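The data blocks that follow each hold one structure.
Both of the next two complexes hold chain A, though its partner changes from chain B to chain C.
For the complex of A and B:
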């Protein structure tokens, strides 16, 4: 009874913070002047501009996806399975852009390729003008989003590689060399993971609005945000989100139908068998050089540009005086958001893993749908539902931001929980049940401690995503409660470049420092044990 | 009154019967072994009794009390007051030996002093009193086996269920563990339902042996009767 009540409460929370806002927003698009009408959709499809926006949006998402997949897949294999030097360091380096708001990376590239950027100072204004023209547009957007979302494909490739039984590759090795084994066995087996990664990159690129806004490339999320925030035109803003919602829904349906059934359960998690390490032979140093140069170009160089641009005490002093309050707020909201995400995600993950309620599949689909849905859609949905005098306690306070975090990021903590629960034998809970422990006691004293790694990982991932969040916070923050990324974004319009760079460096440090400290602490504890 | 009673119990998975129309009575203090090849339904029968599965048809009674009937679990697993030793032992690695034993006693609301006394008694019985504060990972396979047994009997269960608990042990340790189970049964007199695919183990431990085939009870008898039957069949 208690189990049912807790799990149903979590489902209701998800529905209230995520599904209901989107449904109410969608319902509103079907009402014009108090009557049922398709007027918003007629306007949407009759306007030539919408088709341009659609083309831009699809071009940006498709190019980013193709590039990230083509480079991410071999990189994932190189980093996970070969004797490439410094594999771990390189893997950590490649992940960094995913941890910071994508527009920060765009700002970094602006300092390199902009009209007065480092390249212009080095090679002359003519080169600067050309690179600036290139940066502000589709190529620049693709470059930034590619480096931001590349880690998704790399990480999924590395994770799925761990599920391939080494015996399958060893059997292949008896009749062929590594390139053939990789091509014909390994890559085919991990293809569902790679395609999942590609789909996520596509959806996240499609929903990104910070980078196209900064680099002035018109796509649906930018249009929606502009209509909503600058012109207060709710109908136009909502109409611009509908194609995004439809594409998201369509892609997720494809994933559900085709990819889920093709996921191979090849090797149970936690099996100790060692993977055969691929010997790169004479190509080892060449490949190391190529991967190092790539990581330098897409990770180190942009960060370096930011640090150099911000390199003055006055810039940091200015940054703290103009945005110190929002930094403290951001850290607080991120900590609260991460804690709630860890709790809600844990119970959601438990529900999905144990299939305790018949609607577990619906909950799984809902969290993934909300994660893939562009933040502008969730932001407008939340505003539509909660912006009324009777609900000011939510809409006019930071609670609305936390609602947004829960709506968009529960999929992350829920998926992490599912993965860690899958590694706990069901007999662990059954033994506690036979011992007479009720569900809450079993969960609190047996399951949660056994899944503590997943819980901690979920909290950290939740913290990072809440801290870097721009889309939802930008759409719903109440006056006086803007977060640090939102403050930077608004200051970008008229703040001096050194101040913006200092703010971005502070944001990167605020994200990476706790991670570094936690990583160091875990390593110490492990070595102590 | 019987300790456990199955009445025409049927359980299917996706339309395929795993247990079909099984009726069985286990008397108090009896050692009943359920013998059969993989997939014959013996573990399903045990899990139905434990409360992890619900019978599609039929009834299950423990100590005369109806706990499940026709697709309904009337008593959840945590309220059936049974003890169970799992095939993988399922010892909680984040708790010490004492913690593993104390968990169930706490859940049942026993006062601290009584808990301590009972844990000490049982650990002494399984000759593990020196390892009370050890972590599970520090113990050998045989010691873990004894802790799992101690954890199940410390609760003084209405019946002890054992699901192939010795299948992962080498022959010597398997023999010693059987002796330990028999010794404990002699001292405490609990009702035992023991599932195994090993004939030798089944004949050694059981006072009565149930042979299962294709989800149904094929034969019931004393170890001698069943052994004789197998010998005749093989001839």
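For the complex of A and C:
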């Protein structure tokens, strides 16, 4: 009874913060002058611009996905399974762009490829004009989003490689060399993980708002924001999101059909069997050079550009005096959001894993759907639902930002929980149940401690995503409660480049420093144990 | 789990403490809420000074470049039945007029508005202008001929050499709507179509237009005076020309900031104090000295050195109410014109 009540409460929370705003927003588009009408949609589909937007959106998502997958898969294998030098350091390096808001990376590239960027200063204004034209458009957006989302494919490849039974590869080695084993056994076995990564990259690129906005490339999320903010055309803003919703639902269906039905040849539980290390032989140093150059180009160089541009005490002083308050707020809201995400995600994950309620599949789909929706859509939905005097406790306070975080990012913590729970033998909970322990007690004292690593990982991922959020916060923040990424965006309008660079460097440091400290602490604890 | 639970309790307590403040009293002492269309980089120091001088905490919502300066106005419209703001600092009067027309603002006559020319004030007190930008030509110094009238945009001699910001957004919309009120619809539409025939490039913003001129890709562009001033201060090869200054010509369009008191805002008394501050000579002096280089409307306050004082400029005589109405009316035409 208690279990049912808790899980239902979590489902209701998810419906209230996520589904309801989107439904209310959708319903509003079907009413014109007080009557039921499809006028907004007729206008949408009769406009040629929508097809241009659709083409832009699909081109950006597809190119980013193809590049990230084609490069992320071999990189994941190289970093996880070979004797490549410094592979751990390189793996950490490649993950950095995922931790920082993508538009910060876009700002970095602007300092390199912009009309007056470093390249222009080095090679002349004609080159600057050409690279600037290249940056402000599809190629620039693809470059930024590729470097941002590449770690997703790398990390999923590395994770899924751990699930492959070493025996299969060893058997394969009896009849062929590593390239053939990788091609015909390993890659095939990890394909669900790679496809999951590709799908995530596609969805995240499709919903990305900050980068196309900064680089002035018209896609649906930008159109939705412009229609809402610049024209106050609510119907057009919402209607512009419908194609994204349809594509998202289509991809979810594909995931259900193709990925969930796959069975994996998992590594035997509890085995300490070592993975066979791939000897790169004479190509080792060449591959190391290639991977190093790639990491320098897509990670180190943009960060370096930001640091150089911001390199003055006055720029940092200006950044702190102009945005110090919003930095504290951002860290607070991200910590609150991450905590609530860890809890809601834990119970959602539990529900999905144990299938305790018949609606588990619906909850799973809902979290993924909300995660894939552009943040601007969730922002507009929240405003539509809560902007009324009776609900000012939500609309006029930071609660609305937290609601936005919960709506958009629960999928992350819920999926992490599902993965953690899958590693806990059901016999543990069953034994406690037989001994008479109530569900809450079992959850609190057995399941949660066993899923501790997943909970902590969920909190960290939640913290990162809340801290880097721009779309939701920008749409809903109450007066005086703007977050740091939003403050950077508002100061960008005619703000001096050195100030913007200093703000971006501060944001990167604010994200990486706590994670670095946490990582160091965990390593110390582990080595102590 | 315990840690997560503890964090949640803290989270809820923080959120509730934020909620509690909201419901304390109809007028929260020591606080004012302002929505700002002016770039935050320029508005923030003014608001921080106000905080320091009065002890009244300012809670602001600022526009982003991407919202094209209308994000906060549209938020005010969305919040008509649930007002959160006390004051709206618009970066041009048209937005203030729209709020008046929609019944979102309320009259306030500030004593600090004395001396500001009547053309920049709403006679009923719904908005008051201060610190203005002028719509000027930024011209590349390498260009042999110089444009002196906006008619240059349709002159075949300048075919493919001129650029203008997207007329769907910002001050270019205001300028276009002003031309419609001055020329009449037919002549204005012909002018817009002639722009296309003359291969005028459409840029995303006035800032980008100024950069394109500074880099020599185009000869001239109509921009805001701050865009031209900033490029001149950066040492770029451009100069500023006030258009249509001759006898019988249209004159230069002046776009002041405008400040508005919001109807039923939570802190009307503090709102009026903030409006008084914004309309003071001191604020105009600060905005003239800042990088936005705005032209003071109060007589006697020195203008930025690159710009002429207001009394030395032949200004376009327009009715901002009419321009606001026209702006909404011509939006479908402009969307069609841009291909939006």
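The rule we apply is simple: the second predicted complex is superposed on the first by the 523 of 529 C-alpha atoms of A that agree within 3 Å, B and C clash if a C-alpha of one lies under 4 Å from a C-alpha of the other, contacts with A are read in each partner's own complex, and residues count from 1 in each chain.
Just so we're on the same page, a residue touches a chain if its C-beta (ideal position, glycine included) is under 8 Å from a C-beta of that chain, and two chains touch if they have at least 3 such contacts.
Predicted model only: the values in this text are computed from it and were never measured.
*Asks:* State whether chain B and chain C clash or fit side by side on chain A once the two structures are superposed.
*Replies:* fit
*Asks:* Check the residue A:324 against both partner chains and state whether it touches chain B (first), chain C (second), both, or neither.
*Replies:* neither
*Asks:* Does chain B (first) or chain C (second) touch A:342, or do both, or does neither?
*Replies:* Touch status of A:342: second partner only.
*Asks:* Counting only touches as set out at the top, which of chain B and chain C does A:449 meet: first, second, both, neither?
*Replies:* Both: A:449 reaches chain B and chain C.
*Asks:* How many degrees, to the nearest 10, separate the directions from chain A's C-alpha centre towards those of chain B and chain C?
*Replies:* 150
*Asks:* In the superposed arrangement, does A:516 touch chain B (first), chain C (second), both or neither?
*Replies:* So A:516 meets neither chain B nor chain C here.
*Asks:* Would you check which partner chain A:438 touches, where first means chain B only, second means chain C only, and both and neither mean what they say?
*Replies:* Once the two structures are laid over each other on A, A:438 reaches chain B alone.
*Asks:* For A:176 in the superposed arrangement: first (chain B), second (chain C), both or neither?
*Replies:* After superposing on A, A:176 lies clear of both chain B and chain C.
*Asks:* Is it chain B or chain C that touches the larger share of residues in chain A?
*Replies:* C
*Asks:* Look across chain B and chain C in the superposition and give the shortest C-alpha distance you find, in Å.
*Replies:* In this superposition, no C-alpha atom of chain B lies closer than 13 Å to one of chain C.
*Asks:* Would you please give the residues of chain A that touch chain B in one complex and also touch chain C in the other complex?
*Replies:* 449, 452
*Asks:* Can you check the complex and tell me which residues of chain A touch chain C?
*Replies:* It is residues 49, 115, 125, 129, 213, 216, 222, 225-226, 228-232, 322, 332, 335-336, 339-340, 342-343, 346, 383, 387-389, 392-393, 395-399, 402, 444, 448-449, 452, 455, 459, 474, 477-482, 487, 489-496, 499 of chain A that touch chain C.
*Asks:* Under the stated contact criterion, what part of chain B meets chain A in this complex?
*Replies:* So the residues of chain B in touch with chain A come to 50-52, 76-84, 86-88, 90-94, 103-104, 107-108, 151-152, 155, 161.
*Asks:* Quick one: in the complex, what on chain A touches chain B?
*Replies:* 425, 427-428, 430-438, 441-442, 445-446, 449-450, 452
*Asks:* What does chain C use to touch chain A in their complex?
*Replies:* It is residues 1, 4-5, 7-8, 10-11, 14-15, 18-19, 22-23, 33-35, 39-42, 44, 57-68, 70-71, 73-74, 77-79, 81-82, 84-85, 168-169, 204, 207, 211, 215, 217, 226, 230, 291-292, 331, 339-340 of chain C that touch chain A.
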